[in-house]
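In the two complexes that follow, chain A is the common piece, with chain B as its partner first and chain C second.
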Partner chain A sequence: MAGAQASETSDDDAGPFTRWVQKSIRNPDRTYRAMFYVVTIFFLITTLFPFYWLLVLALTPTDLVDQAGLLPAGFNPEAFITIFEQLPFHVYLFNSFVIALGTTAVVLVLASLVGYVFGRLEFPGRGILMILVLAISYFPPAAFLLPLFRLFTGNVEILGLSSPFVFNSPIGIGLPLSALFMPLSIFILTTFYGQIPDGLEDAARVEGTTRLGALVRVIIPLSAPGVATAGVLTFINVYSEFFFSYLMTDGQAQNWGPLVWGILGYQTQYAASYNLMAAASIIGVLPVAILVVIAQERIVSGLTSGALKE
Partner chain B sequence: MANVTLEGVTKRYDDVVAVDDMNLEIPDGEFVTLVGPSGCGKSTTMETVAGLTMPTEGTISIGDREVTDLPPKDRGIAMVFQNIALFPHMDVYDNISFGLRLRNFDEDETDRRVENAAEIVQMQGMLDRMPSEMSGGQRQRVAIARALVREPDVFLMDEPLANLDAKLRVHMRTELQRIHRELDTTVIYVTHDQAEAMTMSDRIAVIDGGRLQQIDPPLVCYNEPDNLFVAGFIGSPSMNFVEGTVSSDGFDSEYVDVAFDAGPMALGEGDAVTLGIRPEDIYPAGEAGSVSHSTAEIETTVDVLEPMGDEIFVYLLLAEDAESDLEDPEAGDQLQMSVDPASDIEAGDSVSVVFDREKLHLFDTDSGQALEHGLVQPTQAEGTTGTGAETDD
Partner chain C sequence: MATERSTEAERRSGVYASAVRWLENLSETAFAYLLLAPAFLLLAVIAFWPLLSTFRMSLFADSISGAAQLGEFVGLENYVNLLTGQLDTVALPQPFFDLSAPFQSALIVTFIFTIVSVFFETIIGLGQALVLDQKFRGRRWVRVAIIIPWAVPIVIQGMMFYLLFRSGIGPGVAVVEALGGSTSPLVNSAEALPIIILADVWKTTAFMALLILAGLQSVDRSLYDVAKVAGATKWQQFKTITFPLVLPTVLVAMLFRTIAAMRIYGLIETTASCTTVPSLSCLVVTTFSTRRYGTASAVAFVTAAIIGIVVSIYIVRYWQGSQGAA
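And then the complex of A and B:
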């Protein structure tokens, strides 16, 4: 009886869910598409909700901040202007920008040279050196903070000379961050430079370039997606870095205090202006968001082609 | 324009010797082809001339300068690569003018030279194309133009036609010869294709195992090979070899005997020698009228026919019970013969063949060195064959 009924079950007398399942079995593409949407929506919510929450906080006046829910309690867009009145927030933004750009430039130049050597030359010890470079990137930054701090504040004597005082300067932040983020760029660029056919480099050298000239004129232009990926990732990493950015300056805008100091500056001894901090955070994120939107195609192609090669 | 001299050039990688004591003297304006099987060291030899590989030992001179330690850019050379190696991010004009721009030529001069080079390779009007928009032959022309434009002392070409289809290859072969005639520059050309080597070169340098085997004009390499390797490598299909020994009245082997006077050749009885004969120098006994000195007839059985249109290659088995083994024509019990397409030979036929004595080659089996080209002095008792046929010359 039950069996007969089951065999006669048609789309008409089954529930909507049963019908959907039956259709999906006949047409698996439907299932995959549904799964794609579910997962995409999940990721969109988890990544975008914090930004929405920031916006809610930024728009809520300070005194109503404990009442903010999924919607802002009140509407106070003035916060976006107040942040520039209370602190020179644009200077903090500028500082972070300069530090991030400078670090990116240094990283790209050095990582290009290293990537060329690792990617295109065969020499004994190459593997060990690459692992060493990789190991550095896993170093906990806190482990060398204290010695670095002493070094950068002129408290270490090297051959009778005291170390240069680079605390409160872009170098104090940029130098350790270059070292920390260099390995990622080295690995990306090694992969890319290694893929350029030998013949092209030989041709460039026969035509009249040095090895370095061949790197600059042929290998780097042909590895543009890789260079863009390494550059953008380094820029974002440095721009949004907390640890050294917080500890290698005293936080004054004129002393190269970066973004993190700007945002935390709205928190005083007696009051924390959450709306201002939220507004500052949103403005701080904007340059990076714009950068990623512009460069996203290259980053995606850069990351995936690197992934396929390894 | 300049002559190129390699003296004792050796290149060693860890435990492999890629080039072994190479000595080459290439005069100004000569077209020399380095030819040999894959991995014989011909490309490495060229790379040492280009400066892309540093020789372990030896010196290289271009013109009057020793260039052994100079980087490629300072050697006055231009190179065309097997994989063409156009810069994919530059258009034709930028590719051709790359070397000129690096040397800060002024714009008018650059334009003039690029136009001129494009004309020589017949690529005018395509200067704004990107490499990806062109066919293989067009790319190869651009690569040649890029080499031409700098008016180098020496052209290096590393299998420039290897990646082209057969028809285009033949066409580009004549183009390259025309370009060489027009410019009269020294050309060093690397190929594994002996047809290219034969047709284009003033001289062929045959290389095997990193060693120079012979350097001579193509027909000399063909008619008077210095050793077994050159004899087997030059010519297609390759030369037949029969291993045997020296007997009192000439060459003696299991199936083939050839009478000659071994006296003047400083050969002793019992010395191991190899007889070489090209397929086109073997004739069916009845059709050897044009041959002034032929050997005694040799009984064979036709194994396989390969009609090529203008000729037929016939695989002959010498022994009754011989296994046909087309993979190894040097097996000693088979011969390859080239006959007129009008011939009515069929597989399974018994055929008597004779060799043209003027085209016989005798090699020392152990050292591979050539002993004699042409065995025309018949002794009184003309040779006998293993199968018993005996005729007078």
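And then the complex of A and C:
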């Protein structure tokens, strides 16, 4: 249809079209500009279409789902309320928030210390330790799964005591994710802390500030953008993670099952309710979408500085 | 009461003061290791110990029945059996490497997925980066639209493509049919794999684009002015200035994507299930759930070893490239 329309316009408006082509040949920048807009619109459509399709399905009543095309068949926003009634979806969301916030806090504190050491101190073994941190990311999460599963279900004996039972708790998911996502924060913070001039730290030390005091009162505040970047990236990574979020809990909402289980719950228990699956997905994506709009500068600078540094 | 509290405070401050004095007098090396201790303690318990433990388990036979988790010590037998294909029909739910059923064997599926998706992510990511490198009105919102897929939780990404290609409702099914495919592409291994690749390209191209964009923005702008004066076309400018200068960045970005792509699991589980598209990580989890702990551990370690080999190839190439340039 679009093709027919295009050929029609070029037939009808042969004059202006030819003029446009001739102008473009004389002035190639015009062509580049036109190409640029076509490509940009193509990227926008391809990235946004899956979101649009979720909206179409969410608004289409279940019995009309086979008639949904590019527009929803019917208008039924009720699905956005039903998803909180069929399963405790708000509890799953809350659980994901608690796990993501807690993990981010742990990662920021520990990675700040490590970033300070890697970024500002010279000591033997620095290179090896940095490679050791990086090496963790080579291993598939599956390589950690079996021992961690036994550790968290109280099946590992440490000095005669069995390990605490943290399966089905935020710790069971949060600890593996802290270890998994800490390397990225370490590299971001190493970069930022390393850029603070030595003079500022020395001045604070001459004033009588302790070593840790200089880190907390001088280095970290001056690197606030870096800390914010590491925090935003860790939050998004943990909120979006699948592997441990899926396997380190039995998926009950009261047992700290996160978003993964809320979404999959609609896929397995309400297999014909496509509007519920779509509505739940839209609600689940909103927090990170808002975060991206607010913090896009931080995300861009973090991905580029953290990833390219090592 | 008041005196009690003040002595408490004094004693605390005494402890605090001596702790500070002790910290201040540590050598730089000792201070460095002290600050590293908490993070490395966590990494030791959650990452290094599990890795060693998994490796140890991979040296034991399976014990499917009975109370014990592991059978007798067998050394490297699990690895030998895995690599020679002797486990394929016995212990593994899907073959590890079987040329007669390429879309069912984990190694081939993982390699096809990785190579094809990283290839398209690089090309499209370069395109997106070139768009974002221009100055135009509304760039901020175009950038948000391009980044958002990267932040979408894996389970929701999987759900999107499940709903797009689910037989009966998804508009993608008509596209698959028009290309000569079946009406239920998500249960057909050969058709589900391209869908998984499409979903991965949709989500992670943004990551590639942002890294390449950083490379583009570090290119010295005066080089373009020189090229313009010399009469170079836009394509010549791209070929002789932009491309060689962003190539190292592109390689680093490809390395990161390759590592992540070889660990693919959650997207498959949500969109098409591990029985239809068995990746290496899928194979570990499904084998693990049948209580074959020895075999599952061996598959996990072989996966890590393969990733390690691919990473070293990249690093050697990168190193050779930078040697050649210098």
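FYI, the second predicted complex is superposed on the first by the 251 of 310 C-alpha atoms of A that agree within 3 Å, B and C clash if a C-alpha of one lies under 4 Å from a C-alpha of the other, contacts with A are read in each partner's own complex, and residues count from 1 in each chain.
By definition in this document, contacts are C-beta pairs under 8 Å (C-beta built on N, C-alpha and C of every residue); 3 or more make two chains touch, one makes a residue touch a chain.
Being a predicted model, the structure only gives us computed values, none of them experimental.
Under the clash rule set out above, the superposition-derived model of chain A with chain B and chain C shows the two partners fitting side by side.
Of the two partner chains, chain B is the only one that A:Val218 touches; chain C does not reach it.
When both complexes are overlaid on chain A, the residue A:Thr210 reaches chain B and chain C alike. By the document's definition of touching, of the two partners only chain C reaches A:Tyr274; chain B does not. In the overlay built on the shared chain, the residue A:Ala230 is in contact with neither chain B nor chain C. Using the contact criterion defined above for the overlaid structures, shared-chain residue A:Ala143 touches chain C, although it does not reach chain B. Once the two complexes are laid over each other on the shared chain, residue contacts for A:Gly199 go to chain B alone; chain C is not touched.
Once the two structures are superposed, chain B and chain C can be ranked by residues of chain A touched, with C on top.
Put simply, chain B and chain C get as close as 5 Å, counting only Cα atoms, in the superposed view. Residues 210 of chain A touch chain B in one complex and chain C in the other. Residues 50-52, 71-73, 77-79, 81-89, 98-99, 102-103, 146, 150, 156 of chain B are the ones that touch chain A when the two sit in their complex.
If you check the complex, the residues on chain A that touch chain C are 28, 32, 36, 39-40, 43-44, 46-48, 50-51, 53-54, 57, 65-66, 68-70, 106, 110-111, 113-114, 116-117, 121-124, 126, 129, 133, 136-148, 151, 175-176, 178-180, 182, 186, 210-212, 236, 239-243, 246-247, 259-260, 263-264, 267, 274, 277-278, 281, 284-285, 288-289, 291-293, 296, 299-300, 303-305, 307-308.
The residues of chain A lying in touch with chain B in their complex are 197, 199-200, 202-210, 213, 218, 221-222.
For chain C in complex with chain A, the touching residues are 20, 23-24, 28-29, 31-33, 35-36, 38-40, 42-43, 45-47, 49-51, 53-54, 57, 127-128, 131, 134, 136, 140, 142-149, 151-156, 159-164, 166, 168-169, 171, 202, 206-207, 210-211, 213-215, 233-234, 249, 252-253, 256, 259, 262-263, 265-267, 269-270, 280-281, 284-285, 288, 293, 296-297, 300-301, 303-304, 307-308, 311.
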